[in-house]
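Each of the next two complexes has chain A plus one other chain: chain B in the first, chain C in the second.
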Partner chain A sequence: MAGNIIKEITDGIYNLILGLAVTFKHLFKHAITLQYPTERWEMPERSRGTIVLLSDPETGRLNCTACLLCSKACPVAAISIERIKNPDTKKFEPQSFNIDTTICCYCGLCEQACNFTAIKLTGKYEFSASDKSKLLYDMGFLQEIGRDVKYEKREKTAAKKKAVAKAETGEDVGGAPVADAKAESSPGSGEAKKED
Partner chain B sequence: MAIEQLKTEEFMVNMGPQHPSTHGVCKLVIKMDGEQIKSIQPHVGFLHRSIEKIAENRTYAQFVPYTDRIDYCASMNANHAYVTAVEKMAGIQVPERAEYLRVMMAELNRIASHLVWIATFAIDLGAVTPFLYAFRERELILDLFEMTCGQRLTYNYMCIGGVNWDIPQGFEPKLREFLKIFPQKVNEYEYLLTNNPIFLYRTKGIGVLDMDTAFAYSVSGPSIRGSGLKWDIRKAEPYSIYNKFDFDVPVGHTGDVWDRYKVRLNEMRESTKIVQQAIEGLPGGDTKVKVPMTWKPPEGEVFSRIEAPRGEMAYHIISDGTPKPYRIKIRTASYCNLQVLPVIAVNHLIADLVAIFGSLDVILPEVDR
Partner chain C sequence: MLELNVIFEAVHRWLEGILPQGLVTLISALGTGGIVLAFLSILALFLVWWERKVSAHMQQRLGPMRTGWHGVLQTIADGVKLVQKEDLIPSTADRPVYFWAPVICFVAAFMAYLVIPFGRGLIVQDLNIGILYIIAITTFTVVSLLMAGWGSNNKWALLGGMRSAAQIVSYEVPLTLSILGAVMLAETLSMVGIVQSQAGGFWNWLIFRQPIGFIVYYIAATAEANRTPFDIPEAEQELVAGFNVEYSGMKFAMFFLAEFVNMFTISAIAVTLFFGGWNAPHPIFNFVPSWIWFMGKSLVSVFILMWFRWTYPRIRVDQLMGFAWKFLLPLAFLNIILTGLGVLIFRN
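Right after this comes the complex of A and B.
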């Protein structure tokens, strides 16, 4: 009985010292924290923070062609776009492009859906506001904060796609069942929007 | 007053919803006799977001970000469970590289999840130091995830047909460095906790979960492995490419709090082994099969399960041939594991309830969904 107690005490002291040795070693190590407002972490390239609209560095115009693919891909229906047809070029242009960042879940599905490199999630942060209405971003603001974002334009036009598909003949796209994307493009988000 | 007139009676205590040791919003209505627990009634549902109902109004691809939010400590595993279920239903063959990346990320996230667990569990029992150390190591894993997919908690990394992003430049050396230092760090936690006399008094012989009770309440994951059952879906029904990897399933003996702690510690070591093997054998090739944005799976239903850090996570999906699922039922481990708490915590002191609750590794968003 007495032997047990002595063993328990010595074991306890030994293991306490073992733990204290670990903490003692850490006394001589550098701190891994950064003092935030003065020092900052470098955000990785793929960082998914604030959404911006990208514009052409030469002409300064938005890359967006108002195809509405991003708003259809959005699971929370945070993107709302109104579009008009430009009478000169006969092409669609966004008239208004609003993102409700209060419900945006930063999943990045809009960026994946975009064929024209027009929308991007960037490493920018610190966009907090004291008023909720300031978190509803309009087209002008989204373009403004996207001006200095560097990007590589993906050329994913239909003609190019076909050329690539021809070059890769024989290579199957995998087991994915092919659905006609154009035929049923709307049911995904139209109803989801209404419910939200 | 004469001493004969004094009497004792049982009284009710509300623990939660804002109690720090419930790790979320769970309310426990406890009937107590002095400091002894006589019965517990867990009240859940404070975090209910009706994710299963939301799924019926989203396309299959749109639902992936929602699976991140089921278990925010192990989003990769939740992603993995969902995409494997959909792929099983539609018969989609995923490229091998994508499978390797999935397993790698899922195991890294298992380590990260267990690190959060060990940190919060230790701080519940009064040990502050492991909290700081475990979060330091978790930061390394989160940095790797942020490099790969841009987010730190809600990854949306896996998609139907593969993974969204390939690993970037500079990922591999960073991962190898992590794998090199991590086993030593696990040893550090062991020095701090495993045989610490105070920790032993708080955990040994407390909250014993025997095998019959565990079966009756369908407990899974490390909680049942602590009771001695060698049941791991990665071994029992290998999904993805787990049959290619060599790893052990750690088990406990008595099923007390300490055994569950030890099982999770050893699981971190085993996961490190799997990640090591995955990065060594990472094949080249594509990471994704192209699945159209509005894609219709065939009609039918599927049940598929994986081993998440907290136990079995299963998806039952019914498809009616439209781009949206007809019904999705999610089986999460925490919900079943929480049910066993009233059984094993009875007749313990209220201070032990914190240890028992912590040892089951319940995460509340997973309970309520």
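Right after this comes the complex of A and C.
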């Protein structure tokens, strides 16, 4: 009985000192805090953040061919596209491309559906807004935030491979954004979004 | 060399030369009070910041980083915020009791510094009953906590106040008894006398003759200052914030300030009684000013209190009372008996 009490007391004191040793050791460990606005996590390459529209770095034109596959793949119908046929090339081009990010669930199905590497979910995440209407992204804004996104074009045919090789060599030359005919078709809205 | 009392004495002599005696007494009394008050305010600001940094790094966080170098100005920013806050008084509060509680709490914490020797000759008033005076004056804290709990007319505040009364009254007993051993060896109640009796080197410090007394004192003093693991009066999970739940603005700041001042007080008493006060550990270190030794030792003690807080979980109310009455009190009595026997055998 008496031995038990003594053992309890010595155990108690030992554990008290052990606890102090643990906290003292942690005092000199490196803090894991990341001071957010000045330091940031490096986002993983495949992270599913804000959606952007990718454009050709050489011509500055959108990769989008207005095939509507992404809007069909979207489970919440966040993507709405209007398209027109270019009378010169006889190809479809998007006239307006709107993504409602308030209902977007960031599933990435649009990216998987796209055959032309035109839409991509990126690691960008700082797009909070105080007004809900600012979360409806139009084509000009989506293209603007996608300009610095690095991507690899999906390779399908030998001809396309050649085009990609050409685009990559000319990348550092064609950095300046070329005024886009489609971006101009939604006047003003692109500039308004940039302020966010 | 860099002893601060030289400055004060010079100022006092200069005042005596140009002013009548009564005015000098008045000015020196007000001036000393003001200096101590300013010192304590700055000290509390520093201690709050330090506690936040220590707790943060023990939890591998950074703590305040944005205001000034590593957030040193954070407490000032918090203080400015508290001053701006509305001074809310609950409609059903007992107004005079509610109003005076933080004042008494702060004044009690502040009054203890009348007899704390910061360095050689650096004491406001060397009362010959110094340590008894400190024990008496710091007990006023319990009155203020009870007043805060009662005056708020809030059940959590009242519970916190009652708990703190029970706790502080219980721990007052072993605290006082543990100090008795040191007083018996020093053969004086004066703080300066106790420090002088430990002069000459660290082997003369009372910690080596009073280890039990020191342990009992330190545990009981931690409970007196309402620090974790004995922070029953403000147990956040049970009582929201305890006795100060209804307080806001400057009144809350006064409670907060008093808490940190009390923490320094118990460290200062521990240093004075058991660690030789302003004395250097060895006579060869006497070139370092005495007030630096005192502050250094006290701040180490404060750090240990913070270390306790961020290591140990809070104990239950019944464990708390049982520990005081069943463990600390017999230990304190044992310490007195052993000290008495030692004095009887070795002094005669």
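FYI, the second predicted complex is superposed on the first by the 130 of 196 C-alpha atoms of A that agree within 3 Å, B and C clash if a C-alpha of one lies under 4 Å from a C-alpha of the other, contacts with A are read in each partner's own complex, and residues count from 1 in each chain.
The rule we apply is simple: a contact is a pair of C-beta atoms (placed from the backbone, for glycine too) under 8 Å apart; a residue touches a chain by one contact, two chains touch by 3 or more.
These numbers come from a predicted model, not from an experiment.
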{"item": "Chain B versus chain C as contact partner of A:Q35, first or second or both or neither", "value": "second"}
{"item": "Which superposed partner A:A2 touches (first chain B, second chain C, both, neither)", "value": "neither"}
{"item": "Partner chain(s) touched by A:F24 [first = chain B, second = chain C, both, neither]", "value": "second"}
{"item": "Chain B versus chain C as contact partner of A:L16, first or second or both or neither", "value": "both"}
{"item": "Which superposed partner A:K72 touches (first chain B, second chain C, both, neither)", "value": "first"}
{"item": "In the superposition, chain B vs chain C on chain A residues touched", "value": "B"}
{"item": "Partner chain in contact with A:E45 - chain B first, chain C second, else both or neither", "value": "first"}
{"item": "Chain B versus chain C as contact partner of A:L121, first or second or both or neither", "value": "first"}
{"item": "Residues of chain A contacting chain B in one complex and chain C in the other", "value": "16, 19, 22-23, 32"}
{"item": "Contact set on chain A toward chain C in their complex", "value": "16, 19-20, 22-24, 26-33, 35"}
{"item": "Footprint of chain A on chain B - complex, ascending", "value": "57-59, 61-66, 68, 90-93, 95, 129, 136, 139, 146-151, 154, 156, 161, 164-165, 168, 188, 191-193, 195-197, 289-298, 322-324"}
{"item": "In the complex with chain B, residue positions of chain A that touch it", "value": "8, 11-12, 15-16, 18-19, 21-23, 32, 44-48, 69, 72-75, 105-109, 112-113, 121, 173-179, 181, 184-185, 187-189, 191-192, 195"}
{"item": "Residues on chain C engaged by chain A in the complex (per definition of touch)", "value": "54, 56-62, 65, 307-308, 310-312"}
